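Below you'll find a set of structures to go through.
Below are two complexes that have subunit A in common, paired first with subunit B and then with subunit C.
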Partner chain A sequence: MTQRIQIGAVFIIIHLSFGYLVYPNLVYVLTKTAHWEVVMCQCFLELVLIWIYMKGLNYFPENDVIDIFLKMGRWAVIMFLTPFVIHLIALVALNIRLHTEVIISIFLPRTPYWSIMALLFFISVYTAIKGLGTILRSSIFIFLIVFPLVLFNIFSSFINFDLNNVTLGWNSPPKFLLNKNFCYLLGFSSFLFLGFMTSKTKLTFRPFFIAWVSVTLFFLSVVYIPLYIFGQEPVVVMTHPFMEAMDSIDISWFSFNRQPLFFGLSLIGLVILANAVILWMIGRIMQKMLKCSKGESSYWIIAFSVIAFIFALFIPNKTLMEKWFLYSTGAQAYLMIIIPCTIFIYGFLSKRGVVGNEKK
Partner chain B sequence: MKKNKRYKLLIVFMSIILLCGCWDIKDINKRTIPLVLGISKEDGKEYKLTLQIPIPNKDSKISRIVTGKGETIASVLGQMRTNSEDAVDYSQIRLIVIQNNLAHNQQEFKGLIKFLMDSEEIPSRALVAITDENVENVLSNINDKLGVHASSIYDYFNKGAGWAPEIFSTPIWEVYRSPFLYTRDIAVPVVRSGKDTVLIFEGSDILKKGKIVERISPDEYQLINVFQNENKKGKGKIESLGFASIMITNSSIQNITSMKGNQPLVSSDLNLKIHILERKEGITDHMIQKELEKITEKRFYHILKQTQRSHTDIFGFGQQFHHLISYHELKDWRNEYYPKLRVDFEVHANME
Partner chain C sequence: MKNIVKEIESKFSNHDDFFIEEELVDKTAIYLIGFNTLVDLPKSKLYVQQMAASSTSLKVLLTNLSDQINVDTAQIIKSVLEGKLVIVSKDDEENAVIDPIAQNLSSSIEEPKNESPIQSSTDAFGEDININVGMIRKSLNTERLCHCSYQVGELEKRKLSMLYVKGRAPNDLIEKVNQQLNQIKSDIETIDDLNKQFGQRRLSPVSHLFATELPVQAIHSLKKNRIVLFLDNCPFALVFPHLVWDMLSSVNDRNFPFVLSFMLRLFRVIGVVATLILPALYVALVSVNPEVFKTDLALFVLKSREGIPLSAFLETIAMVVLVDLILEAIVRLPKSVGPAITMVGGVILGQAVVEAKLVSNLLVIVITAIVIASSAVIGMQNSLYIRLLKYPILILASLFGILGVFTGFIFTIIYLASLTSNDIPYLTFRIEQKGDTK
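After this line comes the complex of A and B, so read on.
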């Protein structure tokens, strides 16, 4: 049971990490009114995919995604998981760089970005090498530190709300579903890691439903806080609407007069764990694909993370990085649909096959 | 055992990296922290920046004024940093005073606000004020007044609710946001240096899409404030009616909006709780109530007419029509709907 809570915490933390920065911008581009419709659509699609994923995984108790693909054959692992690993490396690099950029702009304007990147990078790699147990335990720790900060950010922003800025209308028909940006938006749902944690615990749907509800509420708040403070038209031209919204808050009686600071601090905690999970996933895939021992897999983690770090270091500018980040979430959306569906179909077919064999 | 040692080494190594993070840090006692920034433009060419910096002292009553000139604001800020003895930290600026010749130039004013908003150092919650005088005079006025606290200009705008309801504060982000909004305009307070006090409040400049349209008096603005910010009610305001003075102890407003064809309608009821401070002989409560109601209504219709003529929705009535008019039509609110708006404004004064 504790492990399920821990996995739930990881689930929430990864979503928060991806959702805090670029998520609201994409929603504002997609629609001018009724933003909640977009958020809800994205979250429901995610819920459906999680359900399919879990159903598929439960066909194979005590196996994780890689084992299942190995059952299909080595070609399946190479075909499905090699692009996945490449995507993950890119994701680590872009994630670390994007967060560093924002952290610098909030409270370390005079520090070169490679030093902050190195710090975030070392802690994540260390956690990833230590393995699943460490990740899960630290997830609770980070959750307890970051969650109050996130809540404080959300609640402190109430003082600047102008409720008339937004009307909760209804958009019909929802045109945004056909927009390619919606595909990028879908990529923010990162639940694929669940399939890598199933070898010891059996996943049940209910705890994830609770985690999913809190993530949905978080996404809604991230989208609506800048809207309530600024309104739709100014928000579209801002690079980081949520950060600007935090900067507008002035609580004179409070000893910390800079709310973005809390935002920046929570970002650090979130990105470290998110990257650790991704690196650990890479390690697991390499370990099982090449049948190496546990010690050797940590070399793979180090090798790939160094590649990611170098990649992050050489990204020339901010706009290009944000563009690439979008592409990588697009790739994530693609993998997010492919992997659960494949596993589900394979599980379904093999179960029927087994039943058929017994009849003979 | 061998493995354990390797990890310990790694941790030691990591802490060395962490320590390097402090290489360019400057302690707070070696920083100069300006509170007020004045911006003006001389001869339409060079920007002139004035900083008011409190000097930490036992009584901390003194401050000094630093000025700099340059082509762009960023360059002046950098130049001031170069010339200062200590590291200058702009992140604590709380008030920005802009001289009127710069503020009245729409293009430059917009650019200035955008710069202040995008600047990572200057917080976007700093307040904005406009002055007709030379900015330098306004800021240095503090030093001339004996016994005035160095942060007094900032304190002036933050007396706390109810002490001076006419004064209001407008942060940068609100000024930045206002040109984008379809249905709401804002006002920026206008101040000048006083003879005996540090500042004198002169009224407020109304901004329409980032352009200053007109100036209104403090009394008029207070009425607008009641409409715009329900949480900043006009508490503690003292009104003189000629034959009596009263204090408004509480106010609440209720708006009902509707559309009649293409014409927007608002029926709005302002409830005032009053407390009579003094009156001449033979004046009844009823007479005072009626007079106050008449004056307030007259004042309101005067501003409404004025702003409808200039298509400036300073009351933010349009905000309340967001659910009645479709989003794409809201764009035309200022020009199409607002001049047609009819408001049934009624004041109900009640004795406390």
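After this line comes the complex of A and C, so read on.
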């Protein structure tokens, strides 16, 4: 039970980490009215995918995604998981770069970004090396620290709301579904890590439903807070609408001057854990793919994190980075549909196969 | 004098407290052998003579005195070392190991010295291992309380006891601890020596064992599926494994209504967090990120540092080290000098440091707060490690400001989350897994 709560916390943290920064921008690009429709569509699609994924995973109790692909054959691992690893490395690099950029702009405008990146990287790598248990246990505590900050961000923004800025409408037919940006949007819901944590506990759908509901509410608030404060037209041109929304808030009785401070603090906690999970996934895949021991997998984690660090260091400018980030989420969306479906179909087929074998 | 006695005598030739007394019992000469530092000789002699008066022969006397009769030389030597009295007949044919009237070397049950329980019994564990186990047995009289004893060490054989409640402590944990205790090769002098047997944590401030003086606490831990170890001559119950909850809650809290005990625990949490981040936050807010405050507050903070030559980091680290030095020194001081030093340290030094404009008023408040806060947690050991962990955060804060404070804090949590003893993580609140009752 405890472990399910912990996995739920990781689920929420990863979504928050990706959702805070780029999510609102993508939604604003997709539609001019009825933003909630976009968010709900994306979240429902995700829920369906999670359901398929869990159904597929539950065909193979006490196996994780890599074991299942190994059952299909070595070719399947190489075919499906090698692109996944490459994608994850890129994701780590882009994710940390994007977050560092924001963190620097909030806290330390004069500090070189490599030093902050190195600090965050070091902690993520350390967590990843220590393994799943450490990630899960610390996730609860980080969640308990970060969640009040997130709530504070959301609730403190109410004082700046101008309800005339947005009216809730209804878009029919939903044209945005055909837009390629919707594909990017889907890429933000990263639930693929669930399949890597199943070797010890059996996943059940219900606790994730609660996590999913809270994530959906969070996404809605992230999208609507800047909208209610600024309105649709200014929001589209902003680079980080949520941060600027925070910056516009001024609570007179509060002793802190800048509200984005709390936004930045929550980002730190989120990005450290999100990257730790991704790096751990990379280590896990390499460990099982190459059949090395636990100690060796930490070398893989270090090696890949160094690659990611160098990659993040040499991204020349911000616009290019955001472009790449979009491509990477596109790849994520692709993998998110492919991997759960493959596992589900394979599980379904092999279950029939097993029944057939028993009859013989 | 025959072989055995000679052999023993030569073995102990360079022990001045060793005695061989010749005694006449029933017209046969016997030798009484032992250490007079461990055996109360006159009283024991009297006892033997009284017993002899009511016995018909030497053989009957020895059977009356002991059930260890006619043992071999090695066993005799071992018994002598353990403080037993050995009787050997002159013709070397019969011998016996008897429990003598021992010298009184252990103190009686006293009040706890390192912990001060409120609204609770004030017994504390003493140095004798049997008394300690007895204290537990007396309050927890169930047949499910199991006791395994060990003799460990290379130079000396030190007694070690493991207690657990069958059906509560997880079986594989008991098995593993049993194995680890049986594997001990070196001498166990301190708790840290024992700690090393449970896995290397050389650079870690967090011990595998939680030491408590209070039987109530030890019994509570036993009921909560844990193992309690006793070491001879160590007036503590060593609870294994040590969990983070030990730092925040004591069983005596629950002598108050739930709301009050919740409040106490909440204050301890605040104490831990404050000790970890307050000095770092001071450095971050004063030197790196002063702009996060509202203007008037920022001005106030800067004003309090006006004219101070040291940088905020140096100022803080100097004060923090100084305070930790004072705390350490007060422990070592004799009780009669302690209060005087406290006064000099607290009042005169504090006042002088502020008036000389070496540190700011604000920092003095921060330092006082963390010193008090760090003692809010339960257990001296826990308070010490919390005090140690504030230094890395302080250094990070001086480099990265608030970002450093937060990453340092998160890193501390991740570090603590990574600690396990025998696969039981440090950051759990209780051991859920239960053992079999079979």
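Heads up, the rule we're going with is that the second predicted complex is superposed on the first by the 359 of 360 C-alpha atoms of A that agree within 3 Å, B and C clash if a C-alpha of one lies under 4 Å from a C-alpha of the other, contacts with A are read in each partner's own complex, and residues count from 1 in each chain.
Just so it is clear, a contact is a pair of C-beta atoms (placed from the backbone, for glycine too) under 8 Å apart; a residue touches a chain by one contact, two chains touch by 3 or more.
Since the model is a prediction, treat every value here as computed from it, not as a measurement.
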Name the contact category of A:Asp162: first (subunit B only), second (subunit C only), both, or neither.
first
Can A:Glu244 be said to touch subunit B (first), subunit C (second), both, or neither?
first
Once the shared chain is lined up, is A:Leu119 touching subunit B (first), subunit C (second), both, or neither of them?
both
Check the residue A:Gly231 against both partner chains and state whether it touches subunit B (first), subunit C (second), both, or neither.
first
Based on the superposed arrangement, let me know which partner A:Thr111 touches: subunit B (first), subunit C (second), both, or neither?
both
Determine, under the contact definition given at the top, whether A:Thr33 touches first (subunit B), second (subunit C), both, or neither.
first
Taking the superposition on A as described, I'd like to know which of subunit B and subunit C A:Arg258 touches: first, second, both or neither.
both
Looking at A:Cys41, would you say it contacts subunit B, subunit C, both, or neither? Reply first, second, both or neither.
neither
Show which residues of subunit A both subunit B and subunit C reach, each in its own complex.
111, 115, 119, 123, 126, 258
Using the touch definition from the top, list the residues of subunit B that touch subunit A in their complex.
10, 14, 17-18, 20-21, 24, 91, 117, 120-121, 123-125, 158, 171, 173, 176-177, 180-182, 316, 319-320, 322-323, 327
Along subunit A, where are the residues that touch subunit C in the complex?
2, 103, 107-108, 111, 115-116, 119-120, 123, 126-127, 130-131, 133-134, 137-138, 141-142, 145, 254-258, 261, 264-265, 268-269, 272
Footprint of subunit A on subunit C - complex, ascending
288-289, 291-295, 297-298, 396, 399-404, 406-407, 409-411, 413-414, 417-418, 420, 425, 427-428, 432
Residues of subunit A that touch subunit B when the two form their complex:
32-33, 105, 109-111, 115, 118-119, 122-123, 126, 162, 164-167, 169, 229-234, 237, 244, 247-250, 252, 258
